[in-house]
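Chain IDs A, B, C, D, E and F follow the sequence of writing; residue 1 opens each chain.
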Amino acid sequence: MTDTLRADGRTPQQTRPVAIERGWSAQAEGSALISFGGTKVLCTASFTPGVPRWLTGKGTGWVTAEYSMLPRSTNERMQRESIKGRVGGRTHEISRLIGRSLRAVIDTKALGENTIVIDCDVLQADGGTRTASITGAYVALVDAIEWARERGFIAKRAQPLTDSVAAISVGIVDGVPLTDLAYVEDSRAETDMNVVVTGSGDFVEVQGTAEGAPFKRSELDALLDLALVSTTELAELQRDALAEGR
Amino acid sequence: MTDTLRADGRTPQQTRPVAIERGWSAQAEGSALISFGGTKVLCTASFTPGVPRWLTGKGTGWVTAEYSMLPRSTNERMQRESIKGRVGGRTHEISRLIGRSLRAVIDTKALGENTIVIDCDVLQADGGTRTASITGAYVALVDAIEWARERGFIAKRAQPLTDSVAAISVGIVDGVPLTDLAYVEDSRAETDMNVVVTGSGDFVEVQGTAEGAPFKRSELDALLDLALVSTTELAELQRDALAEGR
Amino acid sequence: MTDTLRADGRTPQQTRPVAIERGWSAQAEGSALISFGGTKVLCTASFTPGVPRWLTGKGTGWVTAEYSMLPRSTNERMQRESIKGRVGGRTHEISRLIGRSLRAVIDTKALGENTIVIDCDVLQADGGTRTASITGAYVALVDAIEWARERGFIAKRAQPLTDSVAAISVGIVDGVPLTDLAYVEDSRAETDMNVVVTGSGDFVEVQGTAEGAPFKRSELDALLDLALVSTTELAELQRDALAEGR
Amino acid sequence: MTDTLRADGRTPQQTRPVAIERGWSAQAEGSALISFGGTKVLCTASFTPGVPRWLTGKGTGWVTAEYSMLPRSTNERMQRESIKGRVGGRTHEISRLIGRSLRAVIDTKALGENTIVIDCDVLQADGGTRTASITGAYVALVDAIEWARERGFIAKRAQPLTDSVAAISVGIVDGVPLTDLAYVEDSRAETDMNVVVTGSGDFVEVQGTAEGAPFKRSELDALLDLALVSTTELAELQRDALAEGR
Amino acid sequence: MTDTLRADGRTPQQTRPVAIERGWSAQAEGSALISFGGTKVLCTASFTPGVPRWLTGKGTGWVTAEYSMLPRSTNERMQRESIKGRVGGRTHEISRLIGRSLRAVIDTKALGENTIVIDCDVLQADGGTRTASITGAYVALVDAIEWARERGFIAKRAQPLTDSVAAISVGIVDGVPLTDLAYVEDSRAETDMNVVVTGSGDFVEVQGTAEGAPFKRSELDALLDLALVSTTELAELQRDALAEGR
Amino acid sequence: MTDTLRADGRTPQQTRPVAIERGWSAQAEGSALISFGGTKVLCTASFTPGVPRWLTGKGTGWVTAEYSMLPRSTNERMQRESIKGRVGGRTHEISRLIGRSLRAVIDTKALGENTIVIDCDVLQADGGTRTASITGAYVALVDAIEWARERGFIAKRAQPLTDSVAAISVGIVDGVPLTDLAYVEDSRAETDMNVVVTGSGDFVEVQGTAEGAPFKRSELDALLDLALVSTTELAELQRDALAEGR
């Protein structure tokens, strides 16, 4: 019975309810408040003409990302990294992952010498915050590019976006492959995998980790199958959110 | 004509629409998402039994606060303080102000050896973020205390709260005293004053700064009058928010 | 009897002996060693032609301040902030207050594109270090401007100083408003207020904090009256110090 | 012709010459200087009885790792992270990867309340430093465990090691899957994958990144096949190194 | 003619006027404001019962020192190390030198499990700040030990001080060995040597540096001779200062 | 009997076996892996055209050095300074010493506007790491200068090197002056002295410290004699290493 398998009654193939509140921020050039069940991430895209010095004059743009969690987004309060005076390894790692994932669908030549900084701030965390961040960040990114095009910073005909991108966490819990792990599932998973996939179904990142026992090739294959189903659904939700007028 | 005075058509004595979304966070012991027009602050209260080492065994509790702004809460993106590796002077100053303001209405003996940390994270900024933080933090604080009382961490009869507390920014713009300054007003103000007032109408903090020319005693008096009117209204809104069931 | 009220036998309206040793430093363009009883602060003003990059070309100057306490200026030794690797909230807050207070009497256009950095280093602390810093810093500032005028960095006719500025701490102890709180008084005060006032008697900063119980409007008024009397006396002492040849 | 494919004349399936100089350090409980062609990493394992405070009394041990590059291990000198005052994202990420990889073959119960810290310091870098680190670290880890067993810190019959672990980087260059990428190959790779595999042939980590275009499922499969061949060879080299007397 | 040799008319063997204002600080257990001409250093000694954790239970005390310069002690303002967020190499080096020099005349067993922290803050710098610090610190140290003895923290008969200690900078300028280099001399010196000597005339530290050309054995010998003459004079000045009642 | 005096059977005048593996690094412009018995230091010299901004246009070059120890170069593992977030006092002090020592034999005018950074990374530590660093760094420096000359960055006829430089640690153990102290000797030494000497036999640095009791002039003289013998031998070893083809 699947209802005993997953605390919230989902089937193994079923993601939590996903909502994308596009244009949440009145300040940013692009933004989305995305939720996967109890996980809520505010994604903003900040557009600025020009690029960092090391890129100047090369005719290419720059997209980067920063991820952070509010101190009480989690069940127990965490110390702020600004107070600690240093950004932790996990934060760095996820920020870099989000940046790489978005750059995989960006033609930096077409973007021109412009910079887009994506901020993904986790307001509430219940598993899958990095994959929710990537999925929401894409929507914010699209709107920031559109904003810049309307104001002439990006040429009318330029196509900086080559595809869409979304991500999901999948894992094996009690021997069963499950998609979109909630926090309680994630902490019990034997194997945990974050998969970033384009709208065309190609892989951008595949990160599988044996939390408990090492995993077999067949398990890896089952998880990738599951991830592709979920990211196809997420790509559709992104399209729907972007279809509405801002 | 007052409608030419304030861009949003308010009278000098009128605050922006204030909304208090109590219990916004599913994780924190107390929380409120408070908005003053375009200013939105997520306030969470984290309760933990026990106190920092320097207070242990003294029979008193501890309430402290941390304030922070999301990098793109403002019109231009700011660098994260976690990336800079140090918390700026303004952030420190506001965190300390919020903490002092809340402690002014707390009987730390009645709180017992318990700690409450208030986090005020500005999701969107349009002036008055520190006073909105104090006003929202009070609501989160009340709920965290209630949460602890229900679980026996605070004695049933103990009354840790001695009063309510709310805050407003007032200032003189083009010679006219105005309440609840929006960002565009704040940046034009000759004098800027943050006033923290209890439900009983006594002062907790009065911080007046001459941004342009030094100000006269009569101007100071007019601003205090204005602040007391607004904080009386805010105290009522807090009571209303807390009157509803959680 | 007032002699039981104040440990040092002062009347409520009486400041401690104030001494201003102008030109203490042989290195700085302006300097003053100021003492309020046991509180001793070395104030230096460093003049440099040019302004920070963000001000270049705007035709205005810059005045800023840094406050610090020697580790053994206090009764118990404090850790150095250089060793901790970060400047504390209180230090930042006071540095910002001193800077704002001085800028309130500076016409930055008349100063031209020049920078003056004020350093206030507390050699010995017995209450009122921030207000002593402001009062002494003004004297150092005047001399640094004069130094620059003599060397042609500031035009002969330019009047960068629009007024003088001095500050005092006042507070309510055992229900009685007192001026110039010594450390033992400050730590017992129910309400503590730092007031920065120009030579003309207008306010630059009013910072009142309820250390114990919130305070009433009438108490606020009494403290402001007291502060104005003391700052008038301090303005006179500043004039006297500056009247002598350097 | 494969000799035009790879600058050093290797076939796609061929790793560079791998050498493991076991017991290089006279100080550490276990150590190995491992080289993959021009990549040289000094791996040391430091054994200490006891565990960090958060693990005390749980009856389990702790294995962690730190990775670092000498400033002139690379073709252009890099600034030291100690001088910058912060450890970069890439360093953190690799340190965490090495630690997770080793813990995947450790039974922390059998290790007892003991800590092993692995240091992987890159003396010379020519691609694949993180996978060389994992492969060398395993050898150092085995010796540190043996050292501790001989001195009675680990019970004679305890088996803290459940398997061996080795790692390889594979990637697609000009459409051809290649194993053990040298630096010049790595920087041209369209897809880059680090694969950590146990002696039994199960996966511990699979990290694939599209450096250029997103990659297809079939490409992913080809890379995994290649990685398994190489890690099988590496496992044998590890066995050989450990077979000799220390 | 020697008067053309040294700008202030001193002979090569003559130190600048040295003044020791013992007990300058009302807060510290021991203190001295020492001046060598334009160099002024405030030395305080802070006594606390108990020792750092790593010394607890060993029956020995601890003496350590921290050196710092006020930002405008020098001719051009330096940035504060607290603002930079790190203590510079020179500061560390001098702090360590002062600590070692004082410990050379301390019997830590006789001191008992007590800690004395010496702070040497340079108020004005004109060369020789480190050697002035050592010379002044000794006086502060003596008084802190006396303070502790009077209060019973140190046994009446214990003799923690085994000797006195003083220091001088000597150097070769234009081929002539000179004692007590002022800043203008120091910056022209070919060889610079700091020598720390006990009251009995033995060496505690000898630090000679070729600023320009390497120096000969005969030059080294001449500098040591000169240093011993000056430190003998300083030891007498220390005795005189300590002979007066506090 | 000297064999009871020194654990490794050396005579007081005898250094440990010294080996200089020139050109160890395939990446750096100059390099040497130097060992003094169990002390092993990897020295690399990185050449870059141009100088730091504060030297630009002055026609002189810049040579600087950084020293660091691998965390497990010592008998007990030390925390990495990159993890601590700050470079310790000892590290700073030694880095500065190495830089000064090398600059003493460099004619910076002849070097032209070029920068050479020396990195001395201690792979294994058994006493005398700073003096081994200086001795090995000189060899790396020579090769980096030769590398630059061959490529035309330094004029063919320019002679940036004015002499060679080597260093040794000497000390008094149980009353006997010994050269090249191993770690066990160093920790027992009453007096410890690091001496840096040119190939011509002149002093660059003399740093003597009384670890236990202050030392006499006669002891100082004996140590200097001993140091000069050893540095003469080291200078010959450097010449031999440099005589072979790279």
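To be clear about the criterion, a residue touches a chain if its C-beta (ideal position, glycine included) is under 8 Å from a C-beta of that chain, and two chains touch if they have at least 3 such contacts.
Each chain and its UniProt protein: A, B, C, D, E, F = Ribonuclease PH.
Worth saying up front: this structure is predicted, and the values here are computed from it rather than measured.
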* Asked: Going by the contact rule set out at the top, which chains touch both chain A and chain B?
  -> none
* Identify the chains adjacent to both chain C and chain F in the sense defined at the top. => E
* Report the chain pair from B-C, A-B or D-F that duplicates the E-F interface, where duplication means over half of the contact pairs agree by residue number. => B-C
* Asked: Measuring from the mean C-alpha position of chain A to the mean C-alpha position of chain D, what distance in angstrom results?
  -> 28
* What is the distance, in whole Å, between the centres of chain A and chain C, each centre taken as the mean of its C-alpha atoms? -> 51
* To do: Spell out, as numbers or ranges, the residues of chain E touching 2 or more other chains.
  => 85-87
* To do: Write down the ring's chain sequence, where chain D leads and chain F follows directly.
  => D, F, E, C, B, A
* Residue ranges of chain F touching chain D (in the complex, touch as defined) -> 25-28, 31, 38, 42, 44, 46, 48, 66, 68, 70-75, 77, 80-87, 91, 117, 119, 121, 123-125
* Could you please specify the touching residues of chain E with respect to chain F in the complex? => 86-90, 92-93, 95-96, 100, 104, 163, 193, 197-198, 200, 202-210, 213-217, 220, 224
